[in-house]
Each structure stands twice: as C-alpha cells, then as structure tokens.
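To keep things simple, chains are lettered A, B, C and D as they appear, and every chain counts its residues starting from 1.
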Amino acid sequence: MRLPFTRRKPAPSKAERYATATQLQLTWWRFCRHRLAVVSLIVLLLAYTAAIMADFLATTDPHQTNAATSYIEPQAIHWFDNGGFHPFVYGLKGARDMRTFKLSYKVDTSRKVYLDLFAHNYDYSLFGFRTDIHLFGLRNANRNDGIYILGTDQLGRDLWSRLAVATRVSLFIGLVGVSISLFLGVILGGVSAIYGGWIDILVQRMIEVVRSMPTIPLWLGLSAAMPSSWSVTQVYLAITIIISLLSWTDLARTVRGKFLSLREEDFVLAAELAGASQARIIFFHMLPSFTSHIIAAVSLALPAMIISETSLSFLGLGLRPPAISWGVLLQDAQNVQTLVLAPWLLTVAVPVIIVILAFNFLGDGLRDAADPYG
Amino acid sequence: MAEPLLSVRGLRTHFETPEGTIRAVDDLDFDVFEGRTLGVVGESGCGKSVAARSVLGIVEKPGRVVGGRILLRTHAGDTLDLAALPQDSAAYRAIRGPEIALVFQEPMASFSQYYTIGNQITEAIRLHLRLSRSAARARAIELLDMVGVPQPSRRIDEYPFQLSGGLRQRVMIAMALACDPRILIADEPTTALDVTTQAQILDLLRELQAKRGLAIILITHDMGVIAEMAHDVAVMYLGRAVETGPVADIFAAPAHPYTRALLRSIPTVLAKPRTHLPTIAGSIPMPSARPAGCAFSPRCSEVLGDVCRQTEPPAIGEGARSVRCFLHGGAP
Amino acid sequence: MITFVVRRLLLAIVTTWLISVLSFAIIQLPPGDFVDTYIAQMAASGSSVSAQAAEAMRKMYGLDRPFYVQYGKWVGRIVHGDFGESMEWRRPVLEVIGDRLWLTVLLAFAALIITWGLALPIGIYSAVRQYSIGDYLFTLVGFVGIAVPNFLLALVLMYFSFRWFGASVGGLFSAKYSLLPWSWGKVWDLMKHLPLPAVVLALGGTAQLVRIMRANLLDELRRPYVVTARAKGLTETRVVLKYPVRAALNPFASNIAYLFPFLVSGSVIISIVLGLPTVGPLLVEALISQDMFLAGSIVLLLGVLTVIGTFISDLVLMWVDPRLRQGMG
Amino acid sequence: MTTRRQVLGYASALAATAPAGEALAQAVSSSHSNFAQSGLVGHLESATEATAIPASFKEAPMLAELVKQGKLPPVHERLPVEPLVLKPLDAIGRYGGTWRRGFIGPSDGENGNRINASDKLLLWDATGSKIIPNVAKGWDMSKDGKTFTLFLRKGMKWSDGHPYTADDFAFWYEDIYSNRDIVPTPIPDMSPQAKPGRLVKIDETTVQFQFDVPYYLFLDMMAGDTLIGGGQSVQQSIGNCGGAYSPGHYLKQFLPKYSSEAAVNKLAREQGYDNWGRLLAFKKDWELNPELPTLGGWHTVKPINTPTWTMVRNPYFYMVDTAGNQLPYIDNIVMTLAESLEVVNLRAMAGEYDMQERHIDLQKLPIILDNRDRGNYDVHLDLAYNGADTAIQINLSYKDDPEIAKWLHTADFRRALSLGIDRDQMNQTFWLGLGTPGSAVPAEVMPQNPGKEWRTKWSTHDPAQANKMLDALGLTKKDADGYRLRTDNGKRLVLQVEAVAAMLDYPRQMEMVAQQWRKIGIYGDVKQMERGLAFQRIAANQDQINVWTNGGTELMYLFPRHCLPVDPTEAHLGVEIAKWYSSGGKQGMAPTDPELKRALELFRSAAGQQEDERNKTAQEIWKIIVDQQYSIGTVGQSPAQFGVRLVSRKLGNIPSRACIAQHCRTPETSRPETWFFKA
C-alpha cells in the first residue's frame, strides 16, 4: 500500500525550496502529507467554528422547555414538495397512552411546516452583535413545531440546539485547560530537570502526590467546595482550572524525562563544549529535539481533558444543569428509561467521539511530522 | 597482484520515494584486498555510508540494492555475489560478523545502554561461533584485551556509558572482530573522538590489520586520515567512484579535478599562516537532482564544455588506477 | 543501590503523609458537616432528627473540635490500625470498606493486566510495521478506545445487560451469591462477572499505552545501535526485541504506576453506572454525606496503594535502566 | 369512647374513594384520557381488626420446630391474652418465605422502620383517616383533654420473651426521656404550650399522660409519625429518644444509674465506643443491634450497616389472624444494598424483589409496566394526599440581600411567581400526567382541606396577570433578555432556587419553572445542590427559595414542617421564624408579616382544640398559606413517592391501593404481617 507520507528526501523540482526551508516549513509540508491528520484538522476547525456559531446553528432556544414536545424521536426533513425544492417537516400530534403511559407522536401529513434559511428565532449575541437570525428555522410553525433533527429530551428541548451549545462549552473547556497545564508542565518539568537538586525533588514530590490521588475524590471535594452562589461562568472557569491542575503532571514528566536523557546526548555535550549558554542549549538544541514528544503529550492531554469534563459533569460533579455541556447532556442518558424510551439522547456521544478522535489523529500527524529524525 | 577479497562492480542502491528515485549509490566499483585498507573518501552525502550498508545488506527501507555485483571471497574460499542474496536471508546473516563487520561512527549511540558490553559482544560470538556462554565470555575478554582495554575481565561487565569515548570505540572494534571477519568496514571510526584518541584508534586498526591480515574499508571525509591509514583510495562523488588507485599515486598525481580540490582543502604545515583554505565552489547537489553528464561539471574549474555537461565520462585507467574524467580522454 | 531504595521509601512516606493531609483537607472543604447531611437524609427518608439529637451527635463525633484536632485524632488512630468509625454506617471504617477495597483493586488490577497484555504487543507491532494495514487498524481501534469515555461504554453495557440478561449483570455477583459469604462458588461467580467491567475500564488506558509504546519504539528504531545489532547478523526479530523494545520499555514502565489511580478513578465512574460493589460508590456517597473518616480513609488507602505502586514501578524502572542502577551504585 | 366516634366522623367520607377518583380524573384531564383505565389504581383497603379472639392458636413451622426443641415456649404462652386479631384482606395465609427487598444504605432506616411500624402504640386504618388500636388495645381522653390513658395488652411480650408492661413506659419516661444527658430539653410533643407533661404508670397494663393544659391533639400525636407516637423502631434509632416506651430490662445495663458512670464507660470502651452515650445510642437502635428486644413483626438479625439488612419473624409478635395463626406469615425479610437508586429500579424490574414501593421512580413507569411479565409482578399506583410533591418554599426570614428579601416577603410578588408556573406542563413532563396540579393544600377528601377553590387560588397559569402584578410592584425596568431589574442597583433581579437531586428530580423540574418564569421576566437561578449542603444553608438562613415535598402536611399538626416555619430542625419556610416559634419568642426572628403571625398563632392554639374545631383552624391556616403563597404548590396527590408499588404475583392479601401518607407509615397500614407467599 502507498505510504500516506514519508520522511524521505524531496523531489527534484522542490530541491531548492527544501534546501532552504526552515524546520517549521518542513514540518508543515510533511504534515500536509498525513491525510488523516489534515482531515482531522479540518474537522476540528469546523467543530470550533460551529462552537463559536452555536446559537446561529441552533434552531430553537436550547433552554426552552415544552411538555408537548417531550421525547420526540429524530424527525425527517422532506426536501421536495410539489415538484420544487421546498424543504419541510410534517406537524406532529402527540398524546400519552394512559395504559402504557408512553408518549406517542403521530405524523400529521395534512400539515406541512416549511423550512427557511436564515430564519428568525430567539435573540442571542454573536461577536457582540445581538441578532435573532439562525441558519435555518420554520416559517409557519406553531408552539409545538420544530425541526427535531436529533429529537428532543424529556423537557421537550431540541437536542440539536442543545448539542450546538454544549459543543461550545466542552470544546473551550478543553482548550483553556490544556494551555494552562501545558504552561505548568513545561515550566515545572523543565525547571526540575535543569536545576535538579531540591527543586527537582520538590517538583517530583508534587507530581507524585498529585498523580497518586485518584482524581475523582479531588474533583468531588473541590466541586462540593465551590460556593453555590457562583455563576455558571465562575463554576466553568473553576472546573477548567481544576482539570488542568490535575493534568499538567504528564507533560511535566515527559519534559523532564526528555531533558535528562538529552543531557547525556553527545550533541548537547558538544554544544556545551562549544561554550553555548545554557538557555541556548535548552531552547536551540534540546527543546526542538523533543517537540514531537510534547506535541504527542498535548495531543493526548486535550481529549483527556474534554473527557474528564464530560465524565465529571456526567457524574454530576462538573457543570450542572441548567448549564449545558456534553457531560450534562449525557447525564440525561444515565437512566434506563432514557435508554429504552429515548435512545437518541445517546447520539450526543457521536460528536464527542469524533472530536476526540480528530484530536488524536491530529496529534499523531503533528508528532510524526515534527519528528527531528524526519 | 592478488585477487581481491571483495570486489564491487556497478553497485546501484536506490531509494524509491514519492519525490522520485534517489540514486544514493550509482554504478560504484571498488576492490578490497587482504591486509590492505581501502579508503573511501568524499563529502558527506556522497553515498559512502549507503555503500557500506549495501555491502553489509542492511540498507533501510525504502532503499534497495538494485544492481551490480558484490563479490565476496569467503573463509571457505568460494565466491558469493551478496547483491544476489536477500538482505534478511540466513545466508546473508552468516556473512555479517564472520565475514564482514562494521565499526560505526558514534561509539556511544552505537551501543545499547541497557546491556553490558560483555553481553553485546558475546551475543555475536555465541550466535555465529556456537560457543558456550563461558567460552564466549573468555573470548570476549581476550578480544577486549587485544584491543587494549585495561582490566578486560572487569570491564566486560560494565555498561557502555561507564566507558570513555576512546575505550568505547575500542570495545566497538573488539565487538566487530568478535567472529574474526576478514573485512572490517570502519564508517568514520574516529570522527567523534578527540585527536589523540583518534591516533590511538587508527594505530590499533593498523596493528590489528598487520596481525590478522584484515581488509579494511575506511570510510571518511578526512583526507588526513586517508593519507595516514589507507593503501588504496576510492574518491566518491554523488554515489560513484570518480577516481580510484593506490594512495601514494593519487596523492602524488591526483587525476580528477574533484580529487585535486579535496586535496587542496587539507591544511598542511607548509601552507602560509592565516590564509583561507581553498574550498570547493558550490555545494553538493541533491543526489535526486543529479546533473546530466559529469556530475561534477557544475562545480568543476576545468570543465571542457558541453562534452562534460552532456555525456557521462567512462572509467579510464591502467592497472590499479582509474578515473572518470574527459581530461584523461575517453571523450566520444 | 540500598540508599536509592531507602530514599524512595522515605519519599513514599512523605508522599503518603501529604496525601493523608490532602485527603482530610478535601473532605473538610465542603461547608457543613456530617450531622447536617444526616438530618437532610433523614428528612428525605421521611423521618427526622431532633435538634438535641443533632447536638449530641456533633459532640459524640467531636465535630465541634478544630480541624487539626480532628485530623490528629484520626491519624493517631490510624497509626494503631484504627481508621475510625464511619458516621453514616456506624461501623469501623475498615469493616465498612471490607471486601470493597479488594474488589476495587481486583477490578483495577484485572484492567491493568488487560491493558499491558494488549498494549505491549500491539505497540511493538504498530511501530515495527508502521503504516501497515495492521498499524492503521490498531491505531484506529486504539483511538476509538481513547475517544469513548468509559462511562459511555458502561452505559451501553448496562443497557444490553438489562435488555438481555436482566439487571444484576451490572453487579459483580449474581443475586444468589451476593448474599452468601465467600466460597469457591462465589469466587467463580465473581470471575464470571469481572471481565466485562474490566474490559470497559481497560480500553482507554490500553489505547494510550499503545500510543506511548509506539512513539517510543519509533524513536528507538532509528538509533545507530540498531544498525550495529543488525551488522552482527542477528535476525530482525531478535534485533528489535532485544534492543529498541528494551529501551522503549523504560518510559512504559514509569507509566505503569500512574495507570493505577487512573483506573481507580475510572472504576468509580463505571461502578456508579453499573452499580458495582467497589469503593467507588461508597466513596462518592461518603464524600457527599461528608462521612469524613470513611471518605478520608478510602482516599488515603487508595493513595497509599498508588504510592506503593509507584515504588514498585521505581524498582522495575531501576531494573530495566542500568543507567539508574549504576548511578545508584 | 367519645373521641373514637369523632374520629369516625370524616373516616366515612374517605372510606369510599369516589371523591379521590374524581380528583384523579381531573388530574389527567389535560391528557384527554383517564388513567383509571390503566386499572392500576385500586381502592383503599387492608386487613381489619376482628373482635372475636380465636379459641386456639397456631404458629409458623420454624417456630413450632423451636418449641419442640424446648427453645421456645408454646405459642399461646407467647401471645398476649388479648392479641390483636386481624381479618386478612382476602384469605388466611400460609407461613414461610423470604421477602426480598432493596435498600440504599444505613441512611435508609425508614425502609425497615415503616415495615415494623406495628410497634406503634396507635395506628390509622386503610384510609389513613381513622385512628385504630395497635400495640395499645385502646385509649381514653378526659373531657378537658388534659389526661390521656392508654390500655396495654395483658401478657404481651418483647421479642426476647420478657413481659411488656407499663414499667417499660416508666423506664422510658424516667431513665431516658428525663435523663438530661440523653435528652437535653423536653420534646414539644410532650410539652403543650411549653408546659412539660408527665407519663404515669397506673397499673401493669395502664399508663397515663398528664398535661397542665388541654391537649386534644395528643391522640393524633400518639397515632402520628411523631417523636412521641412514632414507635420504638424509628424513634429510638438514628439518635432519637422518643417513642414513649423502651425495653428497660435490657437497656438498664448501659445506664449509669443502675451501676456507675465509670462502669458503663468501661463497658463502652471494651466494646469500642468513646463513652456510654455512644454505646447506648447503638444498643437502643434496632437497625444496628440484633440483641435489642422489639415489638415489631420482624427483628434485625443482620444489621442495616451490612450489605444485606436481614430480619426474621418475632416469635412473640402480638397479632394473630382470625384463624388463630400467629402473624406475620412471612418468615424473613432480606434487604440487599443497592449501589444506586437506578439499581433498585432495575432489580425491581428484573423481579429480584417481592414487594418494593420505596425508591421506585415514577419516570420509569412505562418500562416498569413493560417488564411486568418478565419480572412476574403487578404494579399498583397509590395516590398521596399531600397537595404538592414539589413545593416551592420561600424563606420568609431571608435577609442577606435586602432587595431580594423585600420581594420574597411581598405577597403579590410570591403570587406572581405562582401564577407564572404552568403546572400542567410540569404534571405531564415529570408526573406522566398522574399528579394533580394546583396549590399546596391537601386532597379535597382530607378534613383539613379548606375547599375546592383553594386548589386553584393564585395557582393557575396566568402570565399576563403575573406581569401586571409585578409591574404594579414597580418592577418595570427590564434588561435586553427581558428580565426585570433590581430597584436598588439596576442589575438583573436574580432569584436563587436551591434544588436537591433527591426523591424527585427537583433540579430538572425547576429548570422548567425557570423557563416559565422567563415569560414574567423573572430570572430563576437554579442551583442543583447536595442534600446536606442545601439543608445546611436552610439551617443557616442562607437560602432564598428551596424546593421540597410538602409530604406530611395532609395532617398538618402531625407534620407541620413542610407548610409552616415551626420546626428549626427542618425549616423550609424560614429557620429564624421557626426558632422564634419553637422557643416561644426567646430566639430567632419574630415574623413581621401579620398574616404569617396569625397563621402561627392559629397553629399554636390548635393543640388545645377539639377535633372539628382543630380541623377548622387547619383550614384557616391553609387559606392563609395559599392566599399568601408562602409555600407555592405545583403538582401533588400523585404516586411519585412510595406510590409506585411493584408486588410479586406470588404474594397474597395485597391491597389494591395503599394509603400514602407520612402518618400512615406506609406500608404499615397495609398490614405487611398479613401478606403471604401463595403456594
């Protein structure tokens, strides 16, 4: 089979460009040959764009509850109507069967509700501008109509709209969190390796203690300690920080380990002999030679971070309703009645998995690309 | 003159990459004789190391020996064409070590840090010579002693990182000689060492050669080392030998402009102080971007014109000497 | 050598102490104390605790004393092997934890075994056969493993166990045995129930270790000593297994200890979803109800276990890395 | 006896469940269907007391065995001279079997207490409206309501065979209740208008409670789930010391009085307790101490703090059926610890429990019904009488944020909040349409219900009206999102609603309410909270609005904490006011709101009033509560709590509908002693 990319010498045409290319350019060119990674990158860019535009993508207010639309299963959009392209959905008639106590919805084919692009719905602010324009919406809708692409939850809220908002929350928690822990990790790891001695011991103890703590109790304790008067945003930030406080250790260890092993390497000795300053050695000789490992570690840290938010919100220790995040949405699926009566609530897992996959492939691609042996 | 232990003819080692074929070694000829040292010299990237690996059959993917012959006269006395053997065949493995051995650039990196040197030496011995553990160990100690490692019976249980650079290289050599091969490929054996150690290592090699009639392929970019060590020289440029011959002759009368250029770049005591060493104009092109005609023509100060730029100069020569340059005729 | 071990031991003790303080502090963080929670629980179960009873309880449990006094009391007892009494369970903590700790360890350990058992060979394969179909396949599976939060797997598992075999498949014992004391039958019963949760638990860790192993091995495979080894005429398999794999094992080994708390935390989540009788649900319950001694002891015990794990992995590390070993000499 | 007749007064109103039926019909009218058709709601029924005492007695095989071995006296010696004779609901049962059930940990003691509430001195009948004899065979109350006499059963015995007499009351009163080391201050139940009452032994089988002021309520207190009348199982476990009687012959050994402080403390330390207080707390707790003599149908053999709380039949139990078989029919009860409520429900559906009504989640009803045949159980829906399974409780003594406090203490503001709630939506979403939307008042069939109109007073969905009222209050300014602004600093007016994720899914319910409040421009900031934290904030007067059931308020006097701020231990409506009330004005904060003052005065006066007058007073209080909307009712009279009953098809004598009420000690009023496993 064909290699998706390789580290071999370049084609004649490119010869000169390669000869003069910087390490960064080379990395980028190599990365571009890693198809999976490129695809992932695009997926992630899309995901984050969607996250930023969440309210624009939402079709109805993600918080709007309505008993009459409880547990509606995903609804098909019909694209063509009397010959032309007129996307529409049928109205629904819902009732609770008082023998089985199940809600059942019948499609009311007599009533067609048409879709509009850039329809007006609830207000929200995008980049500081207030607007009520949404990517698409319904024209002649009554209170109970909606475009339930992914169905609705118990409170009759549109899952698609909720998912959009949840994505924003969860994706950015991961991003903020990882940058904090990356910072901590590189600084502490580097310092501990370079200065060694008691500093090293101190940092090592810190790492060991933090890592020897099963994280769940830490979480529980800390989240329980959060003043209940805090706003969702405050809780959100606090949680982000907590996650990163618990996950910088891996990065620190990687960095330290690599520093130590590299100190032995000849080229560092050479540089030292050549009288290069320590800083120079670290930043010009050592760091570049293991960016790959840092990138690999980050590529693992980020999804791990997203997962921890998800898991903890799922446990009810992270973000709590009415805040919306992937974890909060999945919490709805924690009981058997949802699994049986509204299995579509599990579809939330799909974007979670896709995004985390993408992050990993991306990280893998970057790792291979940035590899100094290339 | 006696017939060579190893004679390489038209060796071609290519790397298949999306960017096209890279002809790292292309139509290379050379001979190696018992008890003599062949110096392979050239700027880095000219294919020296690939050539060495080709001979040992350890070219890494996607590299492949695509042509030519590697004729080896074995202990047994029969002649094998290694180029015809699959790299990972048992037959080829039987060559590595007992017939041809390798001494490698960075002594530190060339050892695994996780095993004692004893372990790493005896491994080969036990594999090829089928000796018992104790016998193998005895032999290893003997080898260490031979290469001048002090207190070998103690050192044998030490780890590479516990040895000095010089010692490491000695051990490296000992390991190479473990199954007494007749050909030793020394790939930049002294590059990583300081001058005095360099000298010692070279002496050691010479001494061993004298003792056991070892044939050495000395790969280096350092004409000085060549002058000191080699009997014969092959000057490589872009994957082929542009000039070969006895070291004395070549130093006395370098025939190829490239050889001359190289020689000019050796510092000599006679040179006037504070004068720049003459360097070769331009830089070595990518092997994948090999110029048409004589590969050296773009940098050649004595280029004859289109003939050089269009047609490959054939190898011309009498006796042990041969050169690929139209200055010495052969022009169509 | 000896000094190394001693030093590690001392550090382990310090760590343990820090953990004990931290765990106790964390339990103290939430406002209110056990009695508040207790009253609340009673109210929820349609009963009540009189104000007098509440005060009496506070006195009884010394909740009216300052933090350090309570901590001192706690640690003082622990030194004598008495972990105090669980306020909620009104029983010695160790009794309450009882089998649960071992079931937790067992679950985590089972997951650990599965993790290594899979990660090592797969990691090696993926590195050696980089970009082969197999590599892509394993990488994909591995990534999915990382990508699917284990509680999600647990959820799905729960659903099917409910749909197909009825509820108690969730637990670690079938209804019949959960009542009985330990017996071979019960052990066998446990063995039958263990694999599913263990696999659910192991998947994430496995995927990560595979990646680590692959990454390390890829780096090692390009080192000169591999060429040297080849030049000795060793078979490729032997070359790879003896040299680069050994080198790549190093970071692998140092990772093992920290897999454990990871697994324990994971086991908490899936135990809650699947209703497994591990310390997980107990701990969460204890923390919510601020049953300090119980929660504190559990966190402490788990912490200690992981410190021991770390210590062991340090020894392993020393054994696989002569640089360390000699350095200590 | 007069009082008995009075009691009968409203019993008849209830015994026929027609009115209840109506209520139900109305409850689901919104779903254009009547869930009566589901056939899951039966009529209130239970075993009843028979007058004739059988000539001879029979006993369970497992006991007969012990008698043969001489380990147990014969049955007629074990039974009281006048046992309580029950006429089983359907048939004379057969002995044997183990009742499998689920519990969720040591905090779930009520799970067993309620099954053993046969140790209550008095109980209520199947309708929950008529007081009937239980441990006490009868009672008498003096005309002036100052003395109350209980008649015990001659020859009745503790579960260890020791006679149960008036001495056990004396012991409780003198050595437990009056011991200030154990009970620091007198309990309100025993001290009407803060005047302590006395408990006096008249003879072996007669005890008398004497009070200085009229205390007609005491009969109900005795029958209710109160500190005095709750019975040994609940009132002497979990650190409580009520219950009117105690097994003195057993507990004496742990009291300083009968040896010495030093001696009992030594004993305590030997058994691993800090002091005799803790030892006693353990020894008198039937959930924990298998040795403890009890009166209930079953006594603990494996304590509650193990994975399987196990009980076995009490060989000296004081009830028999009409055929002379000593009850209970069922030999053992085994409760297995479930790691979570989810697991309880799953196991119940898998048929791993024989009868479970506790911790069953109404939301799961559809699946529960689907699994009936696989789990081999029947499902009954028992409707409660309290007005609100979810009551939005206003902290009437809140003061941390003056602006918020001002509004919370303004009647029209509270009324507007109430009018802003769409209760039908809640009923459909969270009660599957099985509840009754409306105010906090108890079911119309209850004697304390002030009248139909009070169900809807201020308790319909009328956003327009609500908005008018709020505007009228001066809350006219709104922000971009349409939320009203504070009048002090112009920031958004934010009400903190503290919802505990216990019992019902309060947080999610409040999410819905908060959404509905948006339409009246009120921002409800819903905080999901740990139980402990929420209750602690209530106790610390930090909460603004909290959400809880008003269960128990169907008989207000017996369990007032959910509708009036009178009990500091659980004061949903303002702890400072509760302190003020319970301390007779010594502590806490006097209510400034005259209506609230009036309600509390009425409540205080009721204790001394006769039945009918008392109920009138209760109706008055309810009118105030609803008119003022101190406690905003949403949906109630539903099966949401203990009301979804899964019963194995193997069980007999199961009533088609049980009375769900705090004072009924559900399921005790269904007489579990008479349930049995059919062949």
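Definition applied: a contact is a pair of C-beta atoms (placed from the backbone, for glycine too) under 8 Å apart; a residue touches a chain by one contact, two chains touch by 3 or more.
These numbers come from a predicted model, not from an experiment.
**Student:** Between chain B and chain D, how many steps is the shortest route if every step has to go to a touching chain?
**Tutor:** Step count on the best path from chain B to chain D: 2.
**Student:** From the centre of chain A, which other chain's Cα mean sits the farthest off?
**Tutor:** The most remote chain is B.
**Student:** A-C versus B-C: which interface comes out with more C-beta contact pairs?
**Tutor:** A-C
**Student:** Could you work out how far the Cα centre of chain A sits from that of chain C, in whole Å?
**Tutor:** Taking the mean C-alpha position of each chain, the two centres sit 25 Å apart.
**Student:** Any idea how many Å lie between the Cα centroids of chain B and chain C?
**Tutor:** Chain B and chain C have C-alpha centres separated by 55 Å.
**Student:** Distance from the CA centroid of chain C to that of chain D, rounded to the nearest Å?
**Tutor:** 41
**Student:** I'd like the Å distance between the centres of chain A and chain D, where a centre is the mean of that chain's Cα atoms.
**Tutor:** One centre to the other, that is 47 Å.
**Student:** In chain D, which residues are in touch with two or more of the other chains?
**Tutor:** 342, 346, 349, 530, 533
**Student:** Do you know which chain C residues sit against two or more other chains?
**Tutor:** In chain C, 30-31, 162, 272, 288, 323 touch at least two other chains.
**Student:** Counting only residues that touch at least 2 other chains, which ones in chain A make the list?
**Tutor:** In chain A, the residues touching two or more other chains are 3, 224, 264, 334, 336, 340.
**Student:** Quick one: which bits of chain C touch chain B in the complex? Just the residue numbers, please.
**Tutor:** 223-225, 227-236, 242-243, 246-247, 320-323, 326
**Student:** In the complex, go through chain D and note every residue touching chain A.
**Tutor:** The touching residues are 28, 31-35, 37-38, 342, 345-346, 349, 361, 363-367, 369-370, 424-429, 432-434, 480-481, 496, 498, 501, 507-508, 511-512, 514-516, 525-530, 533, 537.
**Student:** Which residues of chain A touch chain D once you look at their complex with the stated criterion?
**Tutor:** Against chain D, chain A makes touches at 63-68, 70, 95-102, 123, 130, 154-156, 224, 228-229, 231, 316, 320-322, 334-337, 340-341.
**Student:** Which residues of chain D touch chain C in the complex?
**Tutor:** Residue list for chain D touching chain C: 105-111, 113, 182-185, 187, 225, 227, 234, 238-242, 272, 274, 277-278, 281-282, 285, 288, 305, 307-308, 334, 336-340, 342-343, 346-347, 349-352, 374, 500, 502-503, 530-536, 539, 548, 551-552, 561, 567-570, 662.
**Student:** Could you please specify the touching residues of chain C with respect to chain D in the complex?
**Tutor:** Interface residues on chain C, with respect to chain D: 30-32, 36-57, 60, 86, 88-92, 96, 162, 166-168, 170-171, 175, 178-179, 271-272, 275-277, 281, 285, 288-290.
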